[in-house]
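Read through the structures below before going on.
Heads up, the next two complexes both have chain A, just with different partners, chain B and then chain C.
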Partner chain A sequence: MVENAAHAGKSVGEQVKDMILHHITNGWEWELPSSEWASPVHLNPNLFHFQLFGLDINMSVSRHVLMMFIAAGLLLIMGILVRRKIALIPKGFSSAVEAFVLFIRDEIAIPTMGKHAAEQYISYLCTTFFFILVCNLMGLIPYGSTATGNISVTAGLAIMAFLVIQFAGMRKMGVLGYFGHLVPHGVPAWLAPVMVVVELMGILAKPFALCVRLFANMVAGHVVLLSLIGLIFVMGAAIIPVTLGFGIFMYVLEIFVGFLQAYIFTMLTSLFIGLLVAGEH
Partner chain B sequence: MVLTHVDPQVLLTALAGSSGEGEAFSLMQVHPGTLIWTLIIFGLLMAIMGKLVWKPILKMVHEREGKIREALEKADQAKAGAEEAIAGQRALADKQRQEAANFLTKAKDEAQRAGEEIMEKSRREATELTERARRQIEEEKNRAIEEIRSQAVDLAITAASHLLGKTLDSESHRAIVQDYIDQLPGNLNSHP
Partner chain C sequence: MQKFASSLTKIAPYMNIGTMFLGCMVVGVYGGWWLDQKFETEPWCLLAGSLLGIVSGFYHFFKIVFHLQKDPKEENDPTNNKPKD
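The block that comes next holds the complex of A and B.
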């Protein structure tokens, strides 16, 4: 094994590290089952590559973008199935989806932002919850990959949350009222410039925290799981029972974390909207 | 697949994937293309799902909540109505029971009064009868005594005249005998 590693020019540990990084970062291949182990589906990295305002933007479909498309497709299929079965007395699958929607409305939206605003932002909150949930869980099925373990994806979701939060604030207080809100009442005039900076930092810190929290949580679980698998290559086959036990435990934990992080992201976004919408704080 | 039959190195290389063409992604660097795709996919998904699924579900839930509230209100109303009806029935029954009791009491009283009247009347009549009978008896007795007395006087005079052999002057001797009889002990006459 050491000889083979030397053949590749890297130690086993380094190769394991490469393997882990390869699995958690985005890429241009999709490892579908094929006759040969080393021949994944190659995605075209130059499908849609352009320069805009001096920025190099490559919008070719990478693995995580593909996963997002699949997640969106799954949600649309779910939506069509549920829509056909919407009834006064819910049944089967649609009542399960309905239970989640009602949970988001009654346990997340209404307590944080009140009944009226909850109606306005429920579409956003439901989509956020289900999209993040499906993306999280897709990393746990074979050939899947965790799009929410990609900082670009979580940044996109956080930007979406940022836009919705600002929109909610301006809708509630008016554009001028919203910017006036940057200086809280009762602050001395000389302190106002400082307060504006502090408030702006708070506004930006919220989505930044959302972005990093989701990304780090999703990556961390996978790193642990892949490290346990990598342990087999480093320590030999004898360690398999241990890694298998821990691996299954981590897998179950990841399912829980997938639900939990989707809930936390939705809950915090709802809370931030509520802070602006539900009156002065 | 048995692990010993596979060269671990090949497996590891396969797992790591081939470092193919295209720019490499970094774990900690934001990739603008992916970010824009996220915004596009999420935005479209939100627009479609909002119209297609979330709003209809919530509308249905609203409808259901309305229906449930309505049904509960109706049930409450029905319950109140039933309770009212029961109370009315109970009041009516109470009233009727009271009336019946009153009627019964009155009837009993009347019957008692009638009975007492009858008893009184019969007692009075009985007393009257007894009284009349007693008076009659008294009269008869007195008359009998009177008769006995007169007959006794006559008898005594007759007897005496026989004994004396002469006829007593009826008038004068009657007075003597009468005196005698009057002096008898256990006077039959009530007056002294």
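The block that comes next holds the complex of A and C.
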């Protein structure tokens, strides 16, 4: 453990706890290798800090926001690279990206919402998938941090998914038809108000489930991984072979979980759109 | 790989059922609690919200399950409409 003022007078266990919390939560510094070992880059917490309608709004760039910018930048570069080398039979990096895009179209979008609707929403689904994937994997590279392990980030993604789902439903059925859809066919009149509330709760529960699932999966994996590392400091050097083995296993599992959660988020958004768009026929 | 991918597509909706169930209850309970704070009607909105949350959890559970059971074949089969490019 690094000896500094913040750790003075704390037991090893407490220091490990601090270390874990520091790595999974958001913050105003970004650890980068520099002349001084592991001295962080300080981000300005008052960059875009303002009051609006009596609300205290801080839109400054924190560590997770920075990670999202980097993820977006990487995706932009990826898009430009792939677009420049467009070909009938793509090679190298382009073919890898094409495999993912084809997977999203043929295995996610078309089976859940039919061919016609899939054409309309595939761009949104691809964007979500790649963004979540890159954000998930960013936490696994050194000096990176998992932006999707922050509930505000996943809530933002879920709100976007929520808006797209509602928009898809309204575009298909019309605004009035969409709200009429809240009462299923053949429900007795006395039950209709209850059904409206129940359906509305379902509409709110869908993005909530998306948000919590992604957040919890990303945080849980990192906590396990960091706890295994922390175990070395608590239990001594003899435990290193065990924690190293488990640590590598968890790391590989985290790579898989990163892909899986990006896939699940996309798949479920697609499924919810499909329930509204292709459900009535 | 293809087989793995299509089996993932089949299990994904089932993976949502549990969280959806939880989500409905959380929305119901928290919504009821919020209404109680707003109108000072403790504990009635909380109770009603919890009940509605449980009902809606079960309702959406069965809705997803029934939707999944009736679905296959039809025009939604990905093997039938592979785009020709």
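Everything that follows uses one rule, which is that the second predicted complex is superposed on the first by the 271 of 281 C-alpha atoms of A that agree within 3 Å, B and C clash if a C-alpha of one lies under 4 Å from a C-alpha of the other, contacts with A are read in each partner's own complex, and residues count from 1 in each chain.
To be clear about the criterion, a residue touches a chain if its C-beta (ideal position, glycine included) is under 8 Å from a C-beta of that chain, and two chains touch if they have at least 3 such contacts.
Remember, predicted model here, so these are calculated numbers, not experimental data.
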item: Per-residue touch tally on chain A - higher for chain B or for chain C; value: B
item: Partner chain in contact with A:Tyr124 - chain B first, chain C second, else both or neither; value: first
item: Which superposed partner A:Val153 touches (first chain B, second chain C, both, neither); value: first
item: Partner chain(s) touched by A:Phe53 [first = chain B, second = chain C, both, neither]; value: neither
item: Touched partner set for A:Glu29, first chain B, second chain C, both or neither; value: first
item: Chain B versus chain C as contact partner of A:Trp190, first or second or both or neither; value: neither
item: Which superposed partner A:Gly114 touches (first chain B, second chain C, both, neither); value: second
item: Those residues of chain A which chain B touches in one complex and chain C touches in the other; value: none
item: Interfacial residue positions of chain A with respect to chain C in the complex; value: 103, 106-108, 110-112, 114-115, 194, 197-199, 201-202, 204-206, 208-209, 212-213, 263-264, 267-268, 271, 275, 278-279
item: Interfacial residue positions of chain C with respect to chain A in the complex; value: 5-6, 8-9, 12-13, 15-16, 19-20, 22-24, 26-28, 31, 52-53, 55-57, 59-60, 63, 67, 75-78, 81-82
item: For the chain B and chain A complex, residues of the former touching the latter; value: 3-4, 7-18, 20-23, 25-39, 41-46, 48-50, 52-58, 60-61, 63-64, 67
item: Contacting residues of chain A [partner chain B, same complex]; value: 1, 4-5, 7-8, 12, 15-16, 18-19, 21-29, 31, 37-38, 40, 42-43, 45-46, 48, 55-62, 64-65, 68-69, 72, 75-76, 78-80, 82-83, 86-88, 97-98, 101-102, 105, 119, 122-124, 126-128, 130-131, 150-153, 155-157, 159-160, 219, 233, 237, 240
